[in-house]
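For reference, chains read A, B, C, D, E and F in written order, and residue numbers begin at 1 within each chain.
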Amino acid sequence: MFKVTVRDHIMIAHSLRGEVFGPAQRLHGATYVVDATFAGPELDADGILVDIGRAAEAVCEVLGRLHYRNLDEEDAVADLAGLNSSTEVLARWIADRLAERARAGDLGAGGRALTGLEVTLHESHIAQAAYERAL
Amino acid sequence: MFKVTVRDHIMIAHSLRGEVFGPAQRLHGATYVVDATFAGPELDADGILVDIGRAAEAVCEVLGRLHYRNLDEEDAVADLAGLNSSTEVLARWIADRLAERARAGDLGAGGRALTGLEVTLHESHIAQAAYERAL
Amino acid sequence: MFKVTVRDHIMIAHSLRGEVFGPAQRLHGATYVVDATFAGPELDADGILVDIGRAAEAVCEVLGRLHYRNLDEEDAVADLAGLNSSTEVLARWIADRLAERARAGDLGAGGRALTGLEVTLHESHIAQAAYERAL
Amino acid sequence: MFKVTVRDHIMIAHSLRGEVFGPAQRLHGATYVVDATFAGPELDADGILVDIGRAAEAVCEVLGRLHYRNLDEEDAVADLAGLNSSTEVLARWIADRLAERARAGDLGAGGRALTGLEVTLHESHIAQAAYERAL
Amino acid sequence: MFKVTVRDHIMIAHSLRGEVFGPAQRLHGATYVVDATFAGPELDADGILVDIGRAAEAVCEVLGRLHYRNLDEEDAVADLAGLNSSTEVLARWIADRLAERARAGDLGAGGRALTGLEVTLHESHIAQAAYERAL
Amino acid sequence: MFKVTVRDHIMIAHSLRGEVFGPAQRLHGATYVVDATFAGPELDADGILVDIGRAAEAVCEVLGRLHYRNLDEEDAVADLAGLNSSTEVLARWIADRLAERARAGDLGAGGRALTGLEVTLHESHIAQAAYERAL
């Protein structure tokens, strides 16, 4: 199995609803350093799993919908409305958007042969969350 | 599959028995930077896999039994007695203690729905060992 | 010259006023991983520059005034009111609070012999800012 | 499952054939920081998965065939001839060489009991590729 | 004193002339992860030392003259011709180009008030070189 | 000013005398990841500050006197006898040994032109100490 990982980041504001979150129920924020890992069993004729340039662009575009935003606002990211924007939920949201792009061919022909995807969000030097899914 | 990772560390003394260890047969020590990764397929009603605060506390408490100790001493950590405290053995010991806590409900309701656990010990900038198990 | 550095972090929301900030004029947020470096020419009788435990506590307490807050709110951090909470301004604010504590003896006797202080805020994997001052 | 990871690096020149590579079609180079992860379900009588010293030596020797070389040269690495030396291809080449050594007993008795191997090449602070295989 | 650091990278091929370089006399290559640190005693009216976006652009443009190139070629980088492109020499070359841009106003008004500059090139996980200069 | 940094590590056991150290008064241990930075204003005829290979060897040899040892033992490191082997004291001890080697010509001709030296010991992901001196 081959894997290719690209790194980018977002800086967002949000609050989390639920007693379990303690002081994180207040409006605060986070930098998420995002690692998107694409996986598949075969390389293409060029000897690559996926065009790393197109992968980086796709990640940057997906993250662009969250970057520099207050995720508590109704219209910030429609698909997140009503959900806590926890690190886990954001990891899944980003992974699902990247999966749509891979299937739509936005990652090139190689993107269509990918079989898995993992998105990890590093929220500090001591905590991170990830979501892994099939493609 | 979702994953949440928290990081903490311990500083211990020990020696390793067996020719294979060369100079590490002498009494020496290590800082282990410990990453504990909790995994499960579902988020709870709050949109999280596990309460990261409780997870960090559980890791800190388990590591507290090793921190600032000489693992060669009989009474340092009873369950390790008679075993080489190699990085692999320590990773398994920590993972097994965390598994007990997850099953006992110490990680909250979410902790009971976890399906896997991985503990990685970074012993330097060039070496690490991990133990991965089901829950 | 000796230096001791401890690391901690904060997660805040804020917005920045001024065209130069582009999309960062919107309410967003950041995780700042904070390195506080204490410097001085001499070690004390115990062979240390400063008690690293007390230094870490002082950093944690100072950061506690910012952690999980929206820095745009009037009453968030009084001393920041009216200023852009840029990474540079926050680094200076934290350094100045730590300097007050060192002079007040909160870092122990060793803290009074310190001659310099540097606070670095890592805002992502590709950007950081710092403020360095005498004590 | 236990895992042991050792880190080393190579500095190579190469060019990549194919329009998809854009400016990387020119002769350029890379430092690859290489993580080799050995996996297996059981520890040996010494309490280790594999002798970390022998593992590090094996990785260093395999990398020695690539280090400080121009991979475009015919005789640089025979087994790579005719293939693009993409990060993915290099990860597989290194993993396959390490697998041969494990089977040949170069990693000691423990090496023969390994069941899997993953090699990750970090090509910058924002991109990496890996190859994972059974043993 | 305030400091702002931005990170970027280049991937180049080169060889080094001189017995001291051993196997690095062969054509090989490197990824240099580049940290450019801008320093100055005062913040501007916006509360920043330098516009981090313009700083990142300036670094990217300067590095663009080296990225994906073979530095041994006559016309690669004219100013380097005849010099060993050691990590130290490259750090100085990049710092001098950034200094020209700061003086020319390419970093904005804030850039003209900068008093110092340091460029660090990380060539692997175990080695780096830097050049520090006044502005 | 040019700087060259090489990284290596040691794994030691020790205890610290003095109430200020709390649980670190017990015999425990540490991995110190060591960065040795050599500084000087001029490059030699080869375009380097110091031969990085010789610098790395010198660091490895100096660290070899501490690696895999119990620093509490009388004969472990004679020059440390009677002193607490705090991170600060170890940083100075290593820096002083490297300074002797630089002056003795062990770093080559370039080593004699060095003007400064800084040694940083990372004892965990959240704490480090350094010693900086002239040459």
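What to note about this one:
Going forward, a residue touches a chain if its C-beta (ideal position, glycine included) is under 8 Å from a C-beta of that chain, and two chains touch if they have at least 3 such contacts.
These figures come from a predicted structure and were not determined experimentally.
Note on connectivity: the fewest steps through touching chains from subunit A to subunit E is 2. Ranked by separation of Cα centres from subunit A, the top chain is F. Using mean Cα coordinates as chain centres, the one most removed from subunit D is C. Homomeric contact subunit C/subunit F: same residue numbering on both sides for under half of the interface positions. One finds 31 Å separating the Cα centroids of subunit D and subunit F. Per-chain CA centroids place subunit B at a distance of 41 Å from subunit E.
Rounded to a whole number, the gap between the C-alpha centres of subunit A and subunit C is 30 angstrom.
For subunit B, the set of residues touching two or more other chains reads 7, 125-126. On the subunit B side of its complex with subunit A, the touching residues are 1-8, 43, 45-49, 51-53, 56, 108.
Chain contact summary for the complex, subunit F toward subunit B: residues 7, 9, 11-14, 23-24, 26-33, 67-70, 123-126. Residues of subunit A that touch subunit B in their complex: 16-18, 20-22, 83-89, 91-92, 120, 125-133.
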